[in-house]
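Two complexes are shown next, each including chain A; its partner changes from chain B in the first to chain C in the second.
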Partner chain A sequence: MAIVMKDIKKQYVGTTKPVMEHFDLTIEDGSFTVLLGPSGCGKTTALRMIAGLEDVTDGRIYIDENDVTDVDPGDRNIAMVFQNYAIYPHMTVRGNIEFGLKNYKIEKEEIKQRVDYVLALTGLSEYSERKPAQLSGGQRQRVALARAISKSPKAFLMDEPLSNLDAKLRTQMRSEMIQLYNRLKCTFIYVTHDQTEAMTMGTDIVVIYKGVIQQHGTPEEVYKSPANLFVAQFIGDPGMNALKLSSGGFVGFKPREAQIGAAEGDGLKIKGKVLTREYMGYDYMITIDIGCGNIVIRNKQHVEVDQELDLFIPQTALYYFDENQNRTETVQTGSVAEVFHVDD
Partner chain B sequence: MDQFKKPAKYKKKNSLVGKILECLLLAFLFILFVLPFYYMVISSFKTTIEAMATKPVFWPSKWVFTNFRDAWKEANFSKYGLNSIIISASVVVTCLACSVPAAFAFGRLQFKFKKPLFAIILSDMMVPVQCIFLPLFLIFAKLGILNTYGSMILLFTYSGSTIFFIRNAFMQVNNEVLEAARLDGASELTVMFKVTFPMVKPVVVTMALMAFLRRWNDYFWNLSLTTNDKVRTLPYAINSLNNATDGALPRWEVTMAGATLLMAPMLIAYIFANKQIKNAFVYSGIK
Partner chain C sequence: MSTIDKNDMTHFRKLELKQHGPVYRFFNNMLKNPYVLIAPAEIIALGTTIFALGYCIFMSFMKWDMITGERTFVGLYNYKYIFHDELFLTSLKNTIVFMILTVFVGVIFKVLIGVFLNKNKPLHNLVQTIMFTPYIIATVAIAVIFKYMMMPNGGVFNSMLAKLHLPTSEWYMGTKSALMSLAFISIWQGMGYGVLIVISGLRAIPNHVYEAARLDKAGRTKTFFKITVPLLSPTIFYLLVTSSVGAFTTFDIVAMMTDGGPHNATYMLAYYVYMQGLRFMNYGRAMAASVVLLVITSGLSIINFTLAGKKVHYQ
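On to the complex of A and B.
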């Protein structure tokens, strides 16, 4: 089911500035699209507008070519999983799943079949008569998922569904969601600020910043070919280092591309002093003071704090951005003025 | 390391003197509140002489149980008790039927003039009843409904405080739960009754008890809005025990027995619902 947001404007009552304007987004049928961006960028607002939980100030929303802008949330044939699970605390697991199906006046026998199926699918069969208070965080999130699946919706909307779980459970649930998507093969729209989640789960990533779509592409595209400096610095662990040049342009490189030690050949050569060294298991995350700011690199080589380093980044690993921070193939020249961060 | 030094005016959190003072204060308050109840209950078992004695008698020398029988008979408990039950129970039903939807609307829905309308509802809690009883009496007289169950029930169907407290409880329900229900195809009525109502039930039960209690104990409206005995309730009947006839002295022990009988159902209800009531006060933000 394709979802289209066309020329959307959203402005909250009592505010002077819209949170988004001329917002256009097409979500392909059957994709796992992740809306990614920092807090307050408008990703949740976009999701809630698709769900019908938030009115649009201007523009139209289409689901399967039908204009649903003024359609009630319950009639959009979508299901949503919330950050805080939003399961009904006074109902049993079974009651939670049945509730929506009863509202849609589905026959009793079919309700039972569907509930049993989703309980088995989410591994909750033995907990069906328990109340949410008797379940763990992961189980509660599964109830929310089971409730969503039982409706056989055309699209699943998920608003940071894993952010309330601990790190281990999050990894496990991430894998379960990918399996679920592979099995159901219907449209998933997933909101997160965690770029690891976005990269690992999504077939498509939409990077949003200040209510504007910065880039829409596959995880490989946004990682390897960032459209602008914001995307380059938001994606990656950590994001790209960017150096502002005296010409106004920028040159960037990914933390893993920096080689330690003096080298010959075309590329960027920098000197710096180690500020911190964090052991990450596979390699080290090293923060280096290069005189005009700090950069972060990832390298397996053991270095000491306060050690002076020569760094070399090959020409092929350099990214260039024009003065408007947009990606360009034109080589930007000039002396390094400062280390640059988009949010500064 | 100066910052880790003990402050000069450091006080022990649980000093013995403080604890003793705390206990004394609590004991004083306990006696202050419990003594009148104790004296009422114990007096209902006394003989007339002990009940009338100028020196307080805290334990009867002879236990008289017939006071209760006399109170029941003289105060016509079967008639006035029935009136009390009919009016109090009906008020609970009508009051909640109006208050719950109103509270949900004020707590969870957006509509025009919500704030001023809510301010008007709150103002009900600020106006002393003595200010409005005469206009109400005149209105009811004009409508020709004085001395009817309808007038006594209608009067208490609206309760600003009940709406206020249930609204507070509705406001504490997580918004995402309501949104999930709407996405589950639930109408606003279904959201209210099937999703949020069970979550605020302790508060509603408490408000129901309080509405019942207010009517059960009411004496003021009982007298001010009636002109005969037809729909008057137990507090009126028990007070009438005081009105000695034929020059005889009032029998305090019988009046006390009547008062004890009047209070007993509510006391039993409170003992059973004690925990729920306390939870409800916490849940609705009444602290």
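On to the complex of A and C.
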């Protein structure tokens, strides 16, 4: 089921500036679309507007070509999983799942079947009579998932569902979510600020910044061919190094593309001094002072702090951005003015 | 071999420091006992409540002549007397009716108004302040004010009703309306406090639970009964316990407004105890009546805790 947000404007009551304006987004049927961006970028607001929990100031929202802008959340045929689970603390696991189904006036027999099915699917069968307080964080999140699945909605909306879990559990749940998606094959809309989650789970990534969609593409597209400097610097671990040129344009390269040592051939040659060296297991994360700022590279070669380095980035690994920070194929020339970060 | 200087006692002194005397050890061990540490508070509690309670129970089996000061053991005579005293039975009945009125009607209104104010934030602060004011006014003052306002002839209440062409009432002067009038004042007086407690309970319910309910297609009524009420149950329970005990011990409004009248229509247990003890100087009977009052209030609390405890959801 395709979900379309058309020319959306959202302005909170009592504020002077809208959080988003002319926001257009089409989410393909059956995709696992991740809304990715830093906190406060409007991704959660967008999700909540699709869910109907937040009113739109202007514009329309369509689900399966039906205008749902003024439809109640309960009638949009969607299910949502919240960051803090939002399960009913006074109901048992079974009660939590049943509550919605009863409201949809589903027959008793079928409710029981559905609940048993989702409990088995999420591995909660033996906990069905427990209260949420007697469950671990991971189990509570499963209850929220089970509740969502039980409604057999056309789309699942998820608002940072894994961010309250510890690192190990998060990795495990991530894999379970992917399996779930593969099994259910329906539309997932997933909000996160964690690019690892976005890259590993999504079939589509929508990068949002300051209420504006920066890029909408597959994980590969977003990673390999960023549409602008923000996306380039937001995606990657760490993001792209960007050098502002005297001409106003930018040249960028990914931390893993920098080679240590002087080299011949076309490319970018930089000299610098090692500031810090962090051991990451597979390689090192090295922060280098190049005189007009610091850059970060990832390299397997062992370097010492204060060591002077020659860096070489081949021509093919360079990205160019125009003065508006948009990606361009035109080679940007000029002397390096400073190391640039979009956030600054 | 090195010789030990007789004057150098340093290492002996060190030993001495560790070896405390028996008195010190006794007190030191005693202070490790938690009951010793809470003893000061316990002693005050014992002196002011437990002792008084015990003394009261003990005296309820005595006949105490105020003139000679003579006390004689009469066994259950005082109890027999009060349970055959029509006035006592009337006051017991009145108290139960008063409690049902104030507790149930009161709590329902407190919850409804609390929910309403919590949803209408702009109204909230002003109305809450206005509603809370009666709670900080002395009951005596309130009783006097209402005595004038509820006066059947020329009182504000009846004048307003007459202007609106509505039937007037005898309020606290009428046999049928007196208890209701007192219940009304009592509910009005406790409303602000109750609403405050309800609102703070409502604030503790996370908003996302309501959002989940909206996504679960739960309507307003269903959300109220299936989400708000269960999650508010500890608060409601607290209000039930405190207000039912409060209702059973109501004294000041009765003493100020009706003196138990008209025709004993507002005679309540606490007032009965007061009249028997301090007016008629029947200490034994007063004590017996207050023991009955104690049994009822503690019984109420126990019933509340065991019955409601199963239904109350504590997070």
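Side notes on the structure shown:
The working rule: the second predicted complex is superposed on the first by the 344 of 344 C-alpha atoms of A that agree within 3 Å, B and C clash if a C-alpha of one lies under 4 Å from a C-alpha of the other, contacts with A are read in each partner's own complex, and residues count from 1 in each chain.
One rule holds in what follows: contacts are C-beta pairs under 8 Å (C-beta built on N, C-alpha and C of every residue); 3 or more make two chains touch, one makes a residue touch a chain.
Fair warning: this is a prediction, and the values are worked out from it, not measured in the lab.
Per the definitions stated earlier, placing chain B and chain C onto a shared chain A by superposition produces a clash between them.
Once the two complexes are laid over each other on the shared chain, residue contacts for A:99 go to chain B and to chain C alike.
Using the contact criterion defined above for the overlaid structures, shared-chain residue A:75 touches chain B and also reaches chain C. Touch criterion met: A:87 reaches chain B and chain C at once.
Legend: residue contacts after superposition of the two complexes on their common chain; A:133 is shown touching chain C, with no touch to chain B.
Within chain A, the residues touched by chain B in the first complex and by chain C in the second are 51-53, 72-75, 78-80, 82, 84, 86-90, 99-100, 103-104.
Looking at the complex, you find that chain A touches chain B at residues 51-53, 72-75, 78-80, 82-84, 86-90, 99-100, 103-104, 147, 151. The touching residues of chain B, when paired with chain A in their complex, are 174, 176-177, 179-186, 190, 194-195, 198-199.
Chain contact summary for the complex, chain A toward chain C: residues 51-53, 72-75, 78-80, 82, 84, 86-90, 99-100, 103-104, 133. Looking at the complex, you find that chain C touches chain A at residues 206, 208-209, 211-219, 222, 226-227, 230-231, 233, 313, 315.
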